[in-house]
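Okay, so chain A shows up in both of these, paired with chain B first and chain C after.
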Partner chain A sequence: MKLYGKFFMIYLKSQMQYKTSFILMVIGNMITSFTAFLAVYFLFTQINQVEGFTFSEILICFSAVLMAFAVAECFARGFDQFPSMISNGEFDRTLVRPRNEIFLVLASKLDFKRVGRFIQSVIMLIYAVITCGIFWSIDKIITLALMILCGSIVFAGLFLVYASFTFFTVEGLEFMNILTDGGREFGKYPYSVYGEEILKFLTFVVPLALVQYYPLLYLLDRTDKKLYMFLPLVGVLFIIPCYGFWRFGLRHYKSTGS
Partner chain B sequence: MIRVSGLNKTFRVSRRKAGFGNALRAFIRREYNSVQALRDVSFNIHAGEMVGYIGPNGAGKSTTIKILCGILTPDSGECEVNGLTPWRDRRRHVRDIGVVFGQRSQLWWDVPVIDSFELLKDIYRLDTASYKRTLDELTGLLGLSELLETPTRSLSLGQRMRCEIAASLIHRPKILFLDEPTIGLDAVSKIAVREFIKKQNREFGTTVILTTHDMQDIEALAQRILLIGRGRILLDGSLRELKKRFSGLKTITVEYEGSRPVPCQGMKLIKDSEGQASFSIDTDFVSISQAISHISGTAEIRDLSVEGAKAEDMVVELYKEYRI
Partner chain C sequence: MRAYFSLFRIRFISAVQYRTAALAGITTQFAWGFLLIFSYRAFYRSNPGAFSMEFSHLTSYIWLQQAFLNLFAGWIRDNDIMGAITDGRISYELARPISLYGKWFSQIAANRVGRTLLRCAPILIVAFILPEPIGLGLPPGFVHAAGFLASMLLALGVTTAFVLLVYSLTIFTLSSYGLWTVLVMLGDFLSGHIIPLTFFPGAARRIAELLPFAAMQNMPLRIYSGNIAGGDILLCISLQCFWLLALSLLGYLVMKKALTKVIVQGG
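What follows is the complex of A and B.
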């Protein structure tokens, strides 16, 4: 963690080297976060009910997913730049350091822009928690916390899979965005609204529903099953095959000629 | 120190012809060529050796180095460095090696060099006292004191290379891999870098493995040469042996007045301009003294010099001999 801080300081110093650009970036980010928030707000003033879920119920669902995504993005979005790290040889350099390669990749690819989205989702979440009308007992708080925490781990797993594909090909990786950014966008509504097939896929293959739909039911008192509250913990297991895939890719890493 | 036996590595390279139609075809079905980068590569390197690893472009030099550094996993074969298999115990293994990729920087571009060093200190978990000691030492030897506060992007190539080498040695590795360390440097910087590497080897017993196309590097640094071509180790021997092997080839250069000296049997004229002529001599046919007395008998000589084979020429000969 201390090393992560050091990387952050280096990043900060690099950015400060270009003063004007740094200031403009901070201002720009603040504006984007704010407009994004407004967009979400206006969207929801138009909607009253979807598939039996009320506006405030959907709001808590959306803000939890958004929050989970923002946390994952804060730490793991550096994988977006992984293809370029491979092609410019930076990853070779990473591999000759005596530290975990995933940690080094993420720590060396920090980006302020993600903080803007993080703040935006915190505001959304606070707003949703206050207005949703749920009575926040201890187990409800734990459920929400699990949804966010485990959700971010599942999203991080997806980012990791995205990066692992780069070991084999650098083309056609956009389809992964359906799961990452798509998971967030579709996650605005409980995954059940997309039909049973999709829900099954999101339960057993990519366990996004385990961190969204099922615990949400418990949160909204639609089910009595205490099990649903802990399903996010099962979803976390998703990270294991993701990591396995990464290790598999790493063994087949080809590097670039030089 | 380093034991390599029977390494094989094959790459699959996608292939397609130029043109839009072919691009479209490749989109649907891709054709692959396999390129065997390494075939049954074996060698041993002892602690404290300085080895020059040479061969033409694409011969498999970088692939070997990357396997030794734990970056690539070979298809088959064994490799042991300091008792560890690089690709299996990567994280433990890389603690004891330093790597300089001549063409790629390891320093953070926009921050002063010292910040990069501080970060490396944390990455390698060095304690402050020994880090300070090593840094002071390297700063003195490489003349970095004025460069440490400068952002990497403002350094000249020679300055940057000195900082790169310092960065690779900050954790006191037992083995140093240098991939074209003097590429693009001016004569003064080249000599400085070579001197430093030599000193590092002598004083700390650091094992040095050097890939380069610069034969002066080899002549100055390598006691031993490994020649690789088309993925195979073709030659493994000391520079001295190699020189002996080519000692049959000498060059005599003379400055003459009046008419050009006439070569005798076993001599061949290779250059003649403005009163200066060079002859190659095959000492199997004619001895040096015979050759000299022959030329001095046929023309008025003002100056004369005899040279043995240069590393440059030897390598050209080797490449020709092995057809690589």
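What follows is the complex of A and C.
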């Protein structure tokens, strides 16, 4: 952990060297998610609810997913550059070091530009929390915290799967984006709007709905099943097969030889 | 002119080499298209009369957008050119006896056309086969088909000119990624890449439709489905011609100015 802190400081300092560029990058990141927000806002100027969810309820959902994603991204998006680590042999060097290889991959690719998305999600969440009219009792606060925390773990798991595929294909697989970036982009709305089958898929295969749709129902008083509040914790179990897949890939890894 | 055509050909041929990447891209775009349509279906179910675009027009818009993503999306990056600007290869480019603007213009356009030709066919075919409300319909008449093709060509020109203008601006800033993200993301939003411009409310829509970004994917995709009809088609096409000229002229001047400032930093 101390080592991680050290890596953290080094990268923070090195990225702060180009201040204008860094600030522009953060703004760029913010604009990306801001346009997604504007799109939702514009759509809601023409209707006032979708599948029974109002604008501020959608915003709660949107900002929780966005924040979960942003947190996962800050720490785990190092996996995004994993394909290039594999193909240029950098990963082989990592393997000979006396630390856990996941730790080293993550610590070597910290990226602070992603902070833009996080800031945006904080602002949106604050706005949504104030306007949605939920009475914030302790259990509601816990539910929201679980959604964000467990959500980021599920997203981190997805990043890990993305990286693990690289052991077999060397190149990054674009279709994984539908689960990572897509999970964020389409997570703006409760996953139920996409229909029964997709909700089932996101419940039982990739448990994104467990950290979004079900706890959201509890949060918005659509259900009083206490169970839904704790479903995000079940979603976290997803990290186990992800890690298994990574170990499996690692065992089959033959260096690219360059 | 011949030099630019052969540059276009070289780029084009190299762009169609990456077939596995194209396959992965197609899968992603299918899934993306479906999810988009499902989410809009929920919106339309909630209040069918609220939107100024028929649902079938919207699905056509979405499928064409997915099929021609590589043609129109601003965020498709030409790493070659970005790289040349940041690592100084631009100085080699300057030594060549042809206009840099023309060279890069044909490079960008060829890249986009090549990648699109590899990817669009499967998406278009499946989208045509899909049943009526969620599939891609035929354009309502010959005028719309012809208008779509003309407008698509012009939109490619406008998009290329815009992207190249952004690259030229990044020559000033050395580290280019930030500026590029800001401008391109704004451009994509205002060209109807995130939601069609018809979904913008009142004043925002009127302003957006006057900006050059409206002359990009917004126009051809809406002409195809019949969302833009009659005399408006001609108006759109002439607006596109205007923006194509204006943006390329501006891009050309900015690049000229930027190139007087290039200091190659050794190496």
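Basically, the second predicted complex is superposed on the first by the 219 of 258 C-alpha atoms of A that agree within 3 Å, B and C clash if a C-alpha of one lies under 4 Å from a C-alpha of the other, contacts with A are read in each partner's own complex, and residues count from 1 in each chain.
As a convention for this text, contacts are C-beta pairs under 8 Å (C-beta built on N, C-alpha and C of every residue); 3 or more make two chains touch, one makes a residue touch a chain.
Just so we're clear, the structure is a prediction, and the values are computed from it rather than from any experiment.
Engineer: Per the contact definition in the header, classify A:Leu38: touching chain B only (first), chain C only (second), both, or neither.
Structural biologist: After superposing on A, A:Leu38 lies in contact with chain C but is clear of chain B.
Engineer: What is the contact status of A:Asn177 with respect to chain B (first) and chain C (second): first, second, both, or neither?
Structural biologist: A:Asn177: touches chain C, not chain B.
Engineer: Taking the superposition as given, does A:Val96 touch the first partner, chain B, the second, chain C, both, or neither?
Structural biologist: first
Engineer: For A:Ile198, select first, second, both or neither according to whether it touches chain B, chain C, the two together, or no partner.
Structural biologist: Only chain C is touched by A:Ile198; chain B is not.
Engineer: Looking only at chain A, is it chain B or chain C that touches more of its residues?
Structural biologist: Tallying touched residues of chain A, the top partner is C.
Engineer: Taking the superposition on A as described, I'd like to know which of chain B and chain C A:Ile10 touches: first, second, both or neither.
Structural biologist: It touches chain B, and chain C stays clear.
Engineer: State whether A:Ser137 touches chain B only (first), chain C only (second), both chains, or neither.
Structural biologist: It touches nothing on chain B or chain C.
Engineer: Overlap the chain B and chain C contact sets on chain A and report the shared residues.
Structural biologist: 18
Engineer: Please give the residue numbers of chain A that touch chain B in the complex, ascending.
Structural biologist: 2-3, 6-7, 10, 13-14, 17-18, 88-90, 92-93, 95-100, 104, 251-255, 257-258
Engineer: Touching residues of chain B toward chain A in the complex: what are they?
Structural biologist: 11, 58, 62, 66, 69-73, 87, 90-92, 94-95, 97, 99, 101, 103-104, 106, 108-111, 115-116, 118-119, 122-124, 151, 179
Engineer: Please output the residues of chain A touching chain C within their complex, sorted ascending.
Structural biologist: Interface residues on chain A, with respect to chain C: 18, 20-25, 27-29, 31-32, 35-36, 38-39, 42-43, 45-51, 171, 173-175, 177-178, 182, 186, 189, 193-195, 198.
Engineer: If you look only at chain C, which of its residues touch chain A in the complex?
Structural biologist: 20-21, 24-25, 27-28, 31-32, 35, 38-39, 42-43, 45-47, 50-51, 173-175, 177-182, 185-186, 188-189, 194-195, 199-201, 204
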